[in-house]
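My questions will all concern the structure given below.
Each chain carries a letter (A, B, C and D) given by its place in the written order, and its residues are counted from 1.
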Amino acid sequence: MQGVLGVFHHLDSTVSAIEELKKKKLGDVTVYSPTIRHELDDAIAGPNSVVRRYTLIGGLLGVSFGYWIAIWSSDYWPLVTGGKAIASWIPYTIIGFEVMVLVGCLATVAGMFINSRIPRLTTTVGYDDRFSAGHFGVFIECDANKASQAEDLLRHAGAEEVRREA
Amino acid sequence: MTVKKKWTVIPGFLALAAAATLLSAYSGASSSQGKIVEQPVKFVHAPHVQKAGMNCLYCHSAANKAPDPGNASVSTCMGCYTLVKPQSAEIKKVAAFYQKGQPIPWNRVHKVPDYVQFPHMRHVNAGVTCQTCHGQIQNQGAQGPDTNYVPVQQVNSLNMGWCINCHVQGYKPAEGARLAGQKVTPELEAMPAKKARYDCAVCHY
Amino acid sequence: MASVAHPVREGIRGPNIASADVQLPAVRDYEQVDRDIIATLGFTKKWFIGLALAIVAMLCGASAWIYQIYWGLGQAGYEPPVMWGNYIITFVFWVGIGHAGTLISAILYLFRAGFRTSIYRAAEAMTVFAVMTAGLFPIIHIGRPWKFFWLIPYPNWRLLWPNFKSPLVWDVFAISTYLTISTTFLFIGLIPDFAVLRDKETNPTRKRIYSILSLGWRNSDREWRHFAKAYLFLAAFSTPLVLSVHSVVSFDFAMGLTPGWHASIFPPYFVAGAIFSGFAMVWTITIPMRKWFRLEHYITLNHLDATAKVVLFTSMVVGCAYLIEFFIAWYSSVRPEQEFFWNRVFGQWWWAAWIMLLCNMALPMSLWSQKLRRNPTWLFVLSLFINLGMWFERFVIVVPSLSHEFEPWQWGGYTPSWIDMAFLVGSFGWFFMWFLLFVKQMPVMAIMELKEIVTPRFKNTHGHGGHH
Amino acid sequence: MSTEAGTGVKRREFLKILGATGATTAVVGCSSEKVGKLIPYVASPDNTVPGVSQYYATTCRECAAACGVLAEVRDGRPIKLEGNPEHPMNRGAICATGLSAVQGLYNPDRYRSPMVREGNALKPTTWDKALELLAQKIGEAKSKGQAGNVVFVNQHESGTFPGFLDQWLSANGMPNHLSVDSTAPVATIAANQKAYGAAWPQLDFGAAKLVVSFGADFLDGWGHSVPQQLDWADARAKITDAPRLVYVGARRSLTGLNADQWIPAKPGSEMALCAALTGAGTAQAASDASGVAVGTIEALAKAIADAGNGVMAICGVTGSDAVECATMVADINKKAGSVGTTIKPASGHAGYAGLASYADLAAAVKAMDAGSVPLAFLRGANPAHTMPKSAGFAAAFAKVGFKVAFTAVPDETSQLADLILPDNHWLESWGDAAGANGQLGLQQPTLEPVFDTRATSDVLIALAKKDQALAAKYNVADYRSWYISKFPGGGSAFTTALTKAQVSSGPLVPTSGRTLAATAMPAAAGNGDFFVHVFPSPTLGDGAGANKPWLQELPDPVSKIAWQSWVEVHPSTAKKLGIKEGTQLTIETAAGKVTAPAYIYMGVRPDTVAIALGQGHTAYGRFAQNIGVNAYDLVPAGWDAAGGLAIGNLKAKVTVGTDNSPLVTTEGSARQHGRGIGQAMPIGVLLGTEQENDEHHHEIPGLPSQDFKKGLQSPVAADAQGEFANPKSKDTGMYDPEHSSKMESRRWAMTIDLARCTGCSACVTACYSENNIPTVGAPYQGRALSPTNWDERPGANIIKGREMAWIRLERYYEGNDNTENEFSPDFDTRFVPMMCQHCGNAPCEPVCPVYATYHSPDGLNVQVYNRCVGTRYCSNNCPYKVRYFNWFGYGEPERRQYAWPEPMHWSLNPDVTVRGKGVMEKCTFCVQRIREAEHRAKAEGREVNADEFTTACAQACPSRAIIFGDAADENWTVSKLAYDRRAYHVFEELNAYTAVVYLKKVNYPAPASPAKA
């Protein structure tokens, strides 16, 4: 995977670089930032995260399993306690709820991991230690011939440093 | 990419471990199924049952009237063995006990925990064959005490699930007869499974 | 001619992780955040001594446990009919502590309370360790701890399952879920910070460890996008979870017909109490921490002031609950109930009840004064009183109720034994052992979230007045 | 495995033991001919079945009553005693003392072999050596011509043995033996002899209208408790024309608490009262002497007059004038003409025949002191403990040439002996005892001797054989063959008689008569501003019971104190002295002083302090050692005209100690706080002459109703409420009435009639015996106060409220709320036996996380020990507080708290799991008996018959207050009683639909209230 990486020190210049690149359509853009900034979100205008679907499905699975295990096991060996219903759904709601939360959360985490492709051992190409500190990064995935164009653009936008990644 | 795979196996391991735990828990790994105990006298059931055609109740006389089946007294043994091959090594041992007026210290093979009340007579009188729980005891020591002798062993797990299964699903007379090596008549086959109580306080108190 | 985002449009696009209503004027830029936080990590002599003490305390609890398992629960101070004692009291105490963390990280997050940013990491860690501590006590307290797993539904050869109608089984589910989720929540928040440490770390071993923990995080836009969403849903799940967990704990009592327990007010009453005690413990931890780690400009007096208001509020909720209990007892005209509540304040255990009322109702009223709300020393002292008071609240709920039940012939007393005390000490040792280990290995504040409320660099600052 | 619940002791461990000792090998198959000799009550030995109980009829020798008992023998060893239902006297009932006999049999401290003194210590020896030594000593005594000075002191017993013994003694030229019983009411016996010509006439409560008891505690120790209690309870159960009881005495004993009126007369003033009642004196004089209002005395006189020949006046007074007093009391009966109606000399009890008085014993001691006694025998009796210090027994005994003890357990006296020839326990020996109506109770061994002991009778025969002169006379194998040779009808008749252990005959050899007469020797009355009332403990007697943990653990029926001595002080006195419960009080009389914690009791006169005998042993085994004080130390050596020890009417100084020791009591609050646990109904209401005083309306919160009764129709109360568990659930399993097991058709239930219950607590001990309940009060069973230091106070666990009694007797007081300030004798006592109520809607069940407790289809609230993890939530949620937790490994031999030190664990019931540490336990309605009955029915191909079996408590109950059965089947008695007008549920408002129905106590107006006069 090859492309061009621009390292920025200023938020606004990063934003303008991204908007430029989107106009030019030089290739997939990856933006690195030490934290979340809406300015960047706006500029990237990426698709909505699909993690919520994982959450929904996980939650539904959880709640149904919770109720099921409680009711099934009560009827499996019926024992009356305190003259209460052998399978009494009201208290079992608590089980259902807790299991829903449990499975729902774990599914959410799974969704996040899968979609953001972690865990991974290497930070792969185009990453720079400074991005976790104070700098922003813009990486364009493109071949050699488009590269120079990208470099100019990044420099013009105010990148402190521009380099090719091979 | 290969690196990524390396990380994804970890959940796999966890899943395996969990499965193993559940399996062992479910299989009743804690039971003493298959236990074999050496006995002070190399007793052989087969000759008594098959050759001599003795009924189980001849020695385990209380099996049909008491919780505890009881065991033949030495005098009962000697009743026959003063006449029948008194020279055999094992019989000599029995005789020795008889002289000393001591009981034979049999080692217990089938043992349910002390918090389990197991009334033999209820089972025997309900027609459950001895073999249903004790395995094909009638064949034990078929070749006598000297040739490839195997002492009495615990054939079934005797754990709670095993008991309950029969109490709930019911005891099939045909099945019991087959184990006992009896003729399985169509009537037997026709018989419905005999269900029993499975309330906790039937066995635990 | 570069266009920048306009603050007015933020609302549409959903929240930042933290909104910026509590500013950190003393923090200039991203790099400073990294420097300050990483500065807290290095080991010190003081720290080693603290850890050693904690471990000693923990061991005294551990040995007490071995002793008790060998001889039986009789070694503890139980005095029938008081069948529950120190262990359950301490259990509820720690579960309560465990509530502030998730409240701060989840509920305040949904409420966009900015003051959470600086304290939530420490609070969340506290939660995890408090629940780890609490989780031990139900096992310690049962007669045959080695059979504890029977409360967990798993297929077994006995064909037996737990009784899902029993509040104790609800506990098992609530506590284990809560522990799992709060741990996950803590870890997810830590991932980007681990990335920071990974990139800053020079020692190869530590670098290796951090890079494993950071799961290869690289601050890319796609990662941030899913991160934000996942964080939002985790918060959304944790919020009802927090409320449910202490409600379930309160069911242990409310479901019983013991006078003093059998009350529908218990769930809200317990939740409020939990938050109350949790925030107190947050003070107990963060106030020394901000001093020793020189983090005064991160946890500012504004932060303390804000938390103080929460404490004041919950204190009033709890106090209200106390009074309502007495009203209901009178109103019910059930004699055992009435006699019991009379006994609670004027009987055998009057002193416990009054300690509770003093520490949880009276002292916190001092927080009406802004002067005191902004006085760290006072808050620290107060937090100790509240911790004490909340332990006694649980004492007052558990012991007097059981000792004064329906059957007068079986009325009795209760005196904890040396074993009980060993366990109490041990629980603190266990808790602080983990917390001390935490503060020196992991950032005690969310670096990534602090950066959110720190202004980034702009080339041309027009339209960004007021940031500096 | 032994960490598992319920496996503290392996249920079948005794197999091993017996295999080892070979005591009896029946259990492993070979029937030993010793066992073969036994004559079974139910089955004959040739069809002995392993694991099935056999019942051997024998006769209880724990007191002079000699009740018929059945020893439940399992696999060759007795595990429990039960009353013999076919015995005319106790009719199947048995008392706590009788039940505890097995703990005497299996007592770990018993002498395990003969012992001989070497220097200061007693060393084990062999029987041959021991007998040789004794024969030689006897020879010496004879040769020196001192045989006439030999003393033989025997614990009083009736029957053939005393005669046999005297024959043996005279054959050896020795004087008759002294048959002593320190608790026997000697004065009364003497007076009865004179007045009625019978030592102990039958007391026919059924015929009585008014019973006036002058300190005669006929329910707790005076005479023959069990038969008297049976008659009393039956008479009172007539409700409408039940006999009324007036109790006269300085302390309200258990009998007093059962009385309708208590007249608290000063100690020693009973004479004056009787005088007034018989007309020999004026009411005024009596009033002055006794401190009882003239009006009351007159009212009593009138009540007696009204009762006509329905009067029964009985006397248990002790003191130097006891005989005169008892005679006067007899005059009351004579005057009323009630002799023959309420007092029946014709059908008297022969148990006291040949009784020697204290004076006789004192004379013997004198002789010893003079050094003229070459040889002294002691058997059972323990004068070193039961004689006042001032009698100087120990010193005198030391001067005896050679001291022989046939005693089976080490006690203060046998410790002083030179030779110990341990006797068999009565469950190990042959014998008989005289009963009522010329009946002779037979006694047979129920197992091989546990230790290397021999029956004294056999020893005497063996000794005789060593003497040429006597050999011919005693030409028999042993006592048994001697006995059969004398038995009318011989061996075969004997064999048949044994099946019932009853034969109408006198002792086979007449007991040498003895007249109870002496010149009264008044004791030094002493001075001080308090009277001290010393009384035999209802549970421990004079101390003989103190080495049996069951009796130590059984709370005193009145004070509810166990494992301790206490001093009873009236609340107003306590206020004056400024003391709390537990404050150490020192009582000092002319004879000596004792110190014990105070128990504040409104049933004792303000000018009197009371203390029980029985404790204070210095050498009586691990369960009696160093517990409490010996109240005999307070008693000066003086006696009445019958020679009985005068322990009444003593003056004492009381000094308040500084320290305070907690009472070992099972009592929480003695007041019901209006919670309607023990409810009562005035007789007037039952008769309709009086409006319902709606006591329970204000007692029970919530409206009282009989709604609970439909809860008794079916096992699961939810049924009763018409909403069976879960309609949607396909499988309701065994709760389905259609289920093949038909378990759902039963509802085991119980009724407890508080009008019958006297609070004697026999049910409690019966439960201990049946259900392997551990005793937890022994000094070695405490907890650690620090890693190194254990709490070794007696009853340490009970101070912590950790007693395990599945059934407990609650004793609540009603009335007398101002008792700290003014003394009033009028208060009502409610005895409530409280055990698991087996609720239809049990609060304990749903809170258990593992279904260790749940509701069985036949209506039991089941506790599954091996499933219990010990959360104790069930106990917290139980309104009746009847669940008990195993705080320690009471059932685990390797723990110091082990409750059955070898060989005591032989008495464990194999049908009941022994609980390990960390599990909850409670009353099971004797589920093992339910199952056993079902097994029996099944084997005989029938249903369980109505009233076919019952629980251990109901079986033992000497007042027949407890009835158990199937409430869903109208053929059972219980299902009728449950609908009695007096029926109620405890805490009915909690809607638990309990299976235990209480019948209200019936309150009668005071027979002699001045108003009526």
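Basically, a residue touches a chain if its C-beta (ideal position, glycine included) is under 8 Å from a C-beta of that chain, and two chains touch if they have at least 3 such contacts.
Here the structure is a predicted model, which means the values were calculated and not measured.
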**Prompt:** Compared with subunit A, which chain's mean CA position is the farthest off?
**Reply:** D
**Pair of chains joined by more contacts [C-beta pairs], B-D or A-D** = B-D
**Request:** Please list the single chain whose C-alpha centre lies closest to the global protein C-alpha centre.
**Result:** D
**Complete:** Rounded to the nearest Å, the gap separating the Cα centres of subunit A and subunit D is 80
**Complete:** Rounded to the nearest Å, the gap between Cα centres of subunit A and subunit B is 61
**Request:** Could you please state the distance in Å, as a whole number, between where the Cα atoms of subunit B are centred and where those of subunit D are centred?
**Result:** 46
**Request:** Find the geometric centre of each of subunit C and subunit D from their Cα atoms only, then give the gap between the two centres in Å, rounded to an integer.
**Result:** 58
**Request:** For subunit D, jot down the residues that touch at least 2 other chains.
**Result:** 5, 733-734, 843, 846, 848, 851, 854, 867
**Asked** By residue number and range, which residues of subunit C touch two or more other chains?
**Response** 159-160, 162-163, 165, 169
**Residues within subunit A bordering two or more other chains** = 74, 77, 79, 81-82, 84, 88, 117, 119-122
**Asked** Which subunit C residues qualify as touching subunit B in the complex?
**Response** 154-160
**Message:** Looking at the complex, which residues from subunit B come into contact with subunit C?
**Reply:** 21-22, 25-28, 30-31, 157, 159-162, 164
**Message:** Which residues of subunit D touch subunit A once you look at their complex with the stated criterion?
**Reply:** 716-718, 721, 725-726, 728-735, 840-846, 848, 851, 853-855, 993
**Prompt:** Can you list the residues on subunit B that touch subunit D in the complex?
**Reply:** 62, 65-76, 101-103, 105, 113-115, 117, 119, 121-122, 125, 195-202, 204-205
**Prompt:** Which subunit D residues qualify as touching subunit C in the complex?
**Reply:** 3, 5, 667-669, 671-675, 677, 701, 783-787, 797, 800-802, 808, 810, 812, 834, 843, 846-851, 867-873, 875-877, 879-881, 884-889, 895, 897, 917-920, 987, 990
